[in-house]
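Read through the structure below, which is laid out as structure tokens, and then see the notes.
Each chain gets a letter, A, B, C and D, in the order it is written, and its residues are counted from 1.
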Amino acid sequence: MPPRTPTPVVSVDPSKRPLNQKQPLHNRWHPDIPPVGEVKEGDLFRVETIDWTAGQIKDNDSAEDMKKVDLTQVHYLSGPIRCCDEKGSPAKPGDILTVEILNLGPLAGDEWGFTGVFDRDNGGGFLTEHFPDASKAIWDFDGIYCTSRHIPGVRFAGITHPGLIGTAPSAELLKIWNDREIGLHDTDPATVTLAKCLHTRPMAQPPNPTGACLGKVPKGKDWERIAAEAARTIPGRENGGNCDIKNLTRGCKVHFPVFVEGANLSMGDMHFSQGDGEVSFCGAIEMSGWLELKISIIRGGMEEYLTPMGPSKLNVNPIFEISPLQPAYSEWLVFEGVSVDEHGRQHYLDASVAYKRAVLNCIDYLSKFGYSKRQVYMLLSCCPCEGRISGIVDIPNACATLAIPTAIFDQDIRPKKTGLPVGPRLISRGEAPTAKYDGTLETFKNPATSSSSVAEMADAAAQILSLK
Amino acid sequence: MPPRTPTPVVSVDPSKRPLNQKQPLHNRWHPDIPPVGEVKEGDLFRVETIDWTAGQIKDNDSAEDMKKVDLTQVHYLSGPIRCCDEKGSPAKPGDILTVEILNLGPLAGDEWGFTGVFDRDNGGGFLTEHFPDASKAIWDFDGIYCTSRHIPGVRFAGITHPGLIGTAPSAELLKIWNDREIGLHDTDPATVTLAKCLHTRPMAQPPNPTGACLGKVPKGKDWERIAAEAARTIPGRENGGNCDIKNLTRGCKVHFPVFVEGANLSMGDMHFSQGDGEVSFCGAIEMSGWLELKISIIRGGMEEYLTPMGPSKLNVNPIFEISPLQPAYSEWLVFEGVSVDEHGRQHYLDASVAYKRAVLNCIDYLSKFGYSKRQVYMLLSCCPCEGRISGIVDIPNACATLAIPTAIFDQDIRPKKTGLPVGPRLISRGEAPTAKYDGTLETFKNPATSSSSVAEMADAAAQILSLK
Amino acid sequence: MPPRTPTPVVSVDPSKRPLNQKQPLHNRWHPDIPPVGEVKEGDLFRVETIDWTAGQIKDNDSAEDMKKVDLTQVHYLSGPIRCCDEKGSPAKPGDILTVEILNLGPLAGDEWGFTGVFDRDNGGGFLTEHFPDASKAIWDFDGIYCTSRHIPGVRFAGITHPGLIGTAPSAELLKIWNDREIGLHDTDPATVTLAKCLHTRPMAQPPNPTGACLGKVPKGKDWERIAAEAARTIPGRENGGNCDIKNLTRGCKVHFPVFVEGANLSMGDMHFSQGDGEVSFCGAIEMSGWLELKISIIRGGMEEYLTPMGPSKLNVNPIFEISPLQPAYSEWLVFEGVSVDEHGRQHYLDASVAYKRAVLNCIDYLSKFGYSKRQVYMLLSCCPCEGRISGIVDIPNACATLAIPTAIFDQDIRPKKTGLPVGPRLISRGEAPTAKYDGTLETFKNPATSSSSVAEMADAAAQILSLK
Amino acid sequence: MPPRTPTPVVSVDPSKRPLNQKQPLHNRWHPDIPPVGEVKEGDLFRVETIDWTAGQIKDNDSAEDMKKVDLTQVHYLSGPIRCCDEKGSPAKPGDILTVEILNLGPLAGDEWGFTGVFDRDNGGGFLTEHFPDASKAIWDFDGIYCTSRHIPGVRFAGITHPGLIGTAPSAELLKIWNDREIGLHDTDPATVTLAKCLHTRPMAQPPNPTGACLGKVPKGKDWERIAAEAARTIPGRENGGNCDIKNLTRGCKVHFPVFVEGANLSMGDMHFSQGDGEVSFCGAIEMSGWLELKISIIRGGMEEYLTPMGPSKLNVNPIFEISPLQPAYSEWLVFEGVSVDEHGRQHYLDASVAYKRAVLNCIDYLSKFGYSKRQVYMLLSCCPCEGRISGIVDIPNACATLAIPTAIFDQDIRPKKTGLPVGPRLISRGEAPTAKYDGTLETFKNPATSSSSVAEMADAAAQILSLK
């Protein structure tokens, strides 16, 4: 009989540096990063991961660490893991690697997480011109539930998942990535429509040896070459990667394309919970964690199941199956957005702009119930809210919706004939720790409201709080 | 005791022309289109609607009507309905009009619907360069379920909803719409990034007196003026309108901003079912139908609940509440897409491109199970599939997902180690009626597959079918 | 193409007497009641039904009609309908008749329903010694929702279903029924354990020509014979019948055994909504209604799928499939009961007693929130609450649970550290119309509370209300 | 900041005997069993439990251990735990103790469980006259999923829960229990209606010093007294206890009455999964496990929220809240049963008999798909099937239903026009380990089928298997 207790393949100690872990971690994609472990079809195995920043963000009440985060380092991944069939023969390029997520959770002894807003000049986020200051919220876990001293009045069950999981690229695929991303990076942002309204700068992140962590690759000429070529882990791509799909939780089965022998599966960036879009960028509840997994291999599965579309046969995407094990909220409040941006500009069928409007609408709405806008921005990044593309053909407007489960609040947040809570019925929820933006980029001032800019309002709020 | 049977406010006869209905219909947004009926808070009332094209599409096996559809006419709406409080005092600009959808369904005696693909030169759709030919699928309704002789092998329960419902714009709001949309319309498509890959042309639809239907407005100078100013109904906007939100079904409560006295609520474009995105444009299961409704008015609700964002205080969006009455599928197969288009081009955080890739991936996948790609394109437009914005911050890639409930198929469509159905296990589902594209615009040829273009493949398939 | 609008097979006019309907109704089970219509496999057909009492209960504020109801008449059924295959060949004994419920609802023009408690000496109910008085609640329908002026403060969506649907018994099966039920009827109630605590008397209802309604059977000798033999419709049996299964709603498929040629399908007793157990007996929201149906026949299906168990091959039960179209509430408050009755008596693994305790516990609990116990008794009969058999083996106690969805109340009914609503926070919900019990049977006095009997408390409440 | 990692209050080592655990276990209810630990409101704490038999059942392929199990020992519980408020003041009689189950699972290193059927002369079960032989199925856990080599072809996610959790009785309550249960025990089974058809004998389990395990009570006179008085843990009662409620899983909040100072909370008998009713008695998937918990105290909550009903103010039951975190299956096959037993005898409104028929119907049905009846009997005990009380007032028949989620099977188990799988399509699932009944009590022979008794059929099957 095979052992039933999951076999540890990668174990971590969050107090140690990524390269000092028992199995060294890595934070770049490259075919030449050697595997740190091996599993066979049918094995029940366990992988542990540290948080994506390797402990840069602390459990305290200051947002200075968030402001100064070093993003050249992210994301620290556990793996690569070489994947073989029952007889020990490795997965081959062209196969599908099916990974079943059988259970997962926060690391014992480290049951907390963080959500953050990055400074506009260091990372930014979906709404960075609205929220240029760095900010932070710390979350405590009560088993499946979480609460935050920085965003009081909400409690929800996490749909815990790895934000990042994927197979290693081949050299050919890596070149495709680098070519197209460097191309975009070198484009004048002024010519990219969305760059004007989606303020997550820069345009792309080309390979960057600074901050690179390459697992078992020994320092030397090879290290230099790999570090110069290796893709950053920020975006999701053909290999899966940082897709930040909030429903990829226990009970899911992901079918990955295999590009290198052994598949070289890596994962990390575990989220206790995330909202669709992960809007504040450091938006999920980031944590260290563990996963229990099983794999199987579909020989020749790429040709069988995944049609490439584009210049290369490698232009495919993973697919996955979800299970009936997700929290099933029954009542939702839904915010609509169409692709007219917050300056009144008309965009063409742009779901990103439409979703941005839906998110902005929701932030303003919820801020009427005692939360600061900054708190809501972070909340929408990490609570189990759903972002839908509702209409994508009704020229010129895409329509997107953001749905939040009403049960996560300790008050009824639906519109009522009797109006908003006022006076003693309105409970202030304070403000989250914030580090003021001291850069020079312009921030958004809403022409439609007499109130001052978000930044000014946040200042005022902070002042009031500091007087207490 | 008030009467319990819903009071008919707008009744239609699908065999009559829109202006010959008992209460004449309209197909433009304008504050000066007079109400055709009035309701009070607490009234339980009934509104009937014809299909959005007013009977242009027939229940037959040819797609010629789809190819030649006159889109200047759409969408035919029932209303406007003047909305008052219990004492008969009308809703005022600045109020919120809450509309509760208490029940709805297809019109008795007219229990069928259609899904279509428009010709690339006449309407197009989200994937028009992939599917330039017009096409059609007719659906039969079995109570809550639907089936199609043109897409055999699927059956699902509709999440029936009005694709279009909204309040009338004020003159000020109408001007904002026209200014921004004409601005976009006059832009060179070559400079609009998405226009290169979202082939639903033209860029926008400015006011157009041709085909205008203006309800009770008498022919004459006024008619001319209104027809020249009135906004087309294609896009969703600040007033709701054609948002095509598939979950806006029985049990929902929508909170609309009020821009004119009486709110002037209109609705139409009823869908037996729709997938998120309604990708093929004429994509839902379009039908005539009825709704049972109740309204209430939140006085001053816009300022209370809806924060404007943009140059005008009118730049708001509706919000809505959804109920526990939606079909609850428990198992889904999910397709991912990132914002690299099917030509391999890198886009910047573009959820529309990412969703397009997810849709293309799904079409190719399902076509391996006996359906034609065209059938799947229509199926994804109208079945209860979910389009999610999963990640919108991981530069440069947005990640979108398309989830389809596996239970709607008569076969197991999940990937398996044993591979796809082949030989006698593979059941061909034939092909939907198609009218060949005879225009000159380029269509997509997938460089990654040795196979010929979609159009050529469809031809081949059609030929094979005609031999039977 | 077959017609899409459902073909009416049985149509009713609620203002007419059962025998004066276009297709005369019946209220007994007998193989010799002739069919009033015929359907074929694949037909989409419509059946209308009147309420089970044929209009004895009126839409007013008095419970006198409830007190004096004539129960010899119930239930009035539509049918029998002869069921044939596509070629017109009838279903045969030994086949399975599959009936798909495609849609259903209240009859247009008659959108209301009633829930009642019968007098202890005329019908009774599950808790009749606790609630000996007759009582009544009238419900209004708002599309899928219902509210009652007699039980304010709750609103819920109905899981609408036919309380009674079944095939006709053969002569052999009818004899089995009559033998076993007359046997029980003739038993001394004192020797039947449950008879001491389940106060729905009498023990059984043998055939009774008084009140019989036999459809197309002409008055005469045959009528006399059939009326003397025909089974009452009260209990569910091998043919389905009055199973009162609350989830048998739109989207369900029921597989009935066929005992006579043509199956002779009948149905009625439509419920807008019902709680598991239908505890107050006239407990669902009773109404007139319509159903859209399709049938199919599994030839030889009884032997294939239904194993008889007992002395006869006819001792089988229907099975059914339920669909993902049920309201999906996400939060429940659950009451436990074990098989110790309210007198402290220990019963042996008795799920009925355990469920009775759970229901009593819930009534007392909810009565602390402003409702009268009588209101809650009726509410639990008709709202979508779930009654579960949790443990049936832990001698000597069966454990049953009653779960109520918290979302149906206009207040938070969960236990809290802050305690119950008191003072101005406690909103009285008045009392439902009641007709005092004037019989002589003993009623329950709770020895554990200092308060007087339920009947006395109800009196006191009624007096207070009449003073207003 | 309080520690976030749950504080261990009771830790176990499954390889050690119950009294040799760090905190000794107990298997009886008595107010004088001293607490082994203490927790305060707000503490996040962890309790570990061994399996209910303390390791009597082994992970092997023989059912001899099941046949010879010593039931005088069960159930081994962790606790009692003294419960205090934030200031350290203990819960008092009359309070409510709210216990929140924040997470739970199988013990690391011991990830397996067992389901069994007891011998008719040693424990029995709901269907013991149908299944007199002892039998066993071993389950492996894959994270949230389980599979069994003894029941191949099914896989499901567990709704993991403590089968037994409760507060300690006071001396007064203990006396009530003993009086009423000894009373029943001393009754002639022939006079107890249900005893004739619910073959879980004996009638009740009076206190029994044999096998008693009393935690920290030192051996001596006190031990003798307590062992002679202490209640067995088999049935659920006023304190909760062995309620076997399958939905009491992560995210639930249970409100227990408090009878002794400190509440003295105990728990055990953890189930990886259970079906409603736990029909085979050792029916859940029994395992060792851990729970993460939080408590709070509602002072005076019993009077506030729990109405006693019966001779004593102590005659109450716990209530609980369930969360949206349960597996949400969308498709079910449902079996009906009415209160006519398998001998054709008519019972009076008996939900236990009705449920027995529904279970028997389901066993026979599923046995047509390649499973042995014994396998199905165990499967229905442990898979997430739902047992409902549908109708409890339609004299003389109660109607109960048993619903099984179709997704847990590796084949489509719904009825079809095309009939059952036959020939190569029918996959045999073998048989579970069985130990033949060698007692003399009569077993059920189905008069309606020509086939021989279940026992004979099982023999035949076993013989066939042994030939392989």
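Keep this in mind: contacts are C-beta pairs under 8 Å (C-beta built on N, C-alpha and C of every residue); 3 or more make two chains touch, one makes a residue touch a chain.
Here is each chain with its UniProt name: A, B, C, D = Formamidase.
On a predicted model such as this, the values are computed, not experimentally measured, just so you know.
Peer 1: Work out the mean Cα position per chain and let me know which chain is farthest from chain C (Formamidase).
Peer 2: Looking at centroid distances, A is the chain farthest away.
Peer 1: Name whichever of B-D and B-C has more C-beta pairs touching across its two chains.
Peer 2: Of B-C and B-D, it is B-C that has more C-beta pairs in contact.
Peer 1: Need the CA-centroid distance for the pair chain B (Formamidase) / chain C (Formamidase), whole Å please.
Peer 2: 41
Peer 1: I'd like the Å distance between the centres of chain A (Formamidase) and chain B (Formamidase), where a centre is the mean of that chain's Cα atoms.
Peer 2: One centre to the other, that is 31 Å.
Peer 1: So what's the Cα centroid distance for chain B (Formamidase) and chain D (Formamidase), whole Å?
Peer 2: Centre separation, chain B (Formamidase) to chain D (Formamidase): 51 Å.
Peer 1: For chain D (Formamidase), which residues are shared contacts with two or more other chains?
Peer 2: 323-324, 327-331, 407
Peer 1: Within their complex, state which residues of chain D (Formamidase) touch chain B (Formamidase).
Peer 2: That would be residues 327-331, 407 of chain D (Formamidase).
Peer 1: Enumerate the contact residues on chain A (Formamidase) facing chain D (Formamidase) in the complex.
Peer 2: Per the touch definition, chain A (Formamidase) meets chain D (Formamidase) at residues 1, 4-5, 44, 59, 100-103, 105, 108-112, 140-145, 157, 250-251, 292, 294, 323-330, 407.
Peer 1: Any idea which chain A (Formamidase) residues touch chain B (Formamidase) in the complex?
Peer 2: These residues of chain A (Formamidase) touch chain B (Formamidase): 96, 98, 125-126, 176, 180-181, 183-185, 192-195, 198, 200-205, 234-238, 240, 242-247, 255, 276-281, 283, 296, 298, 301, 304-313, 315-324, 328, 330-338, 340-352, 355, 357-358, 360-361, 364-365, 368, 386-401, 403, 406, 414-417, 419-420, 446-449.
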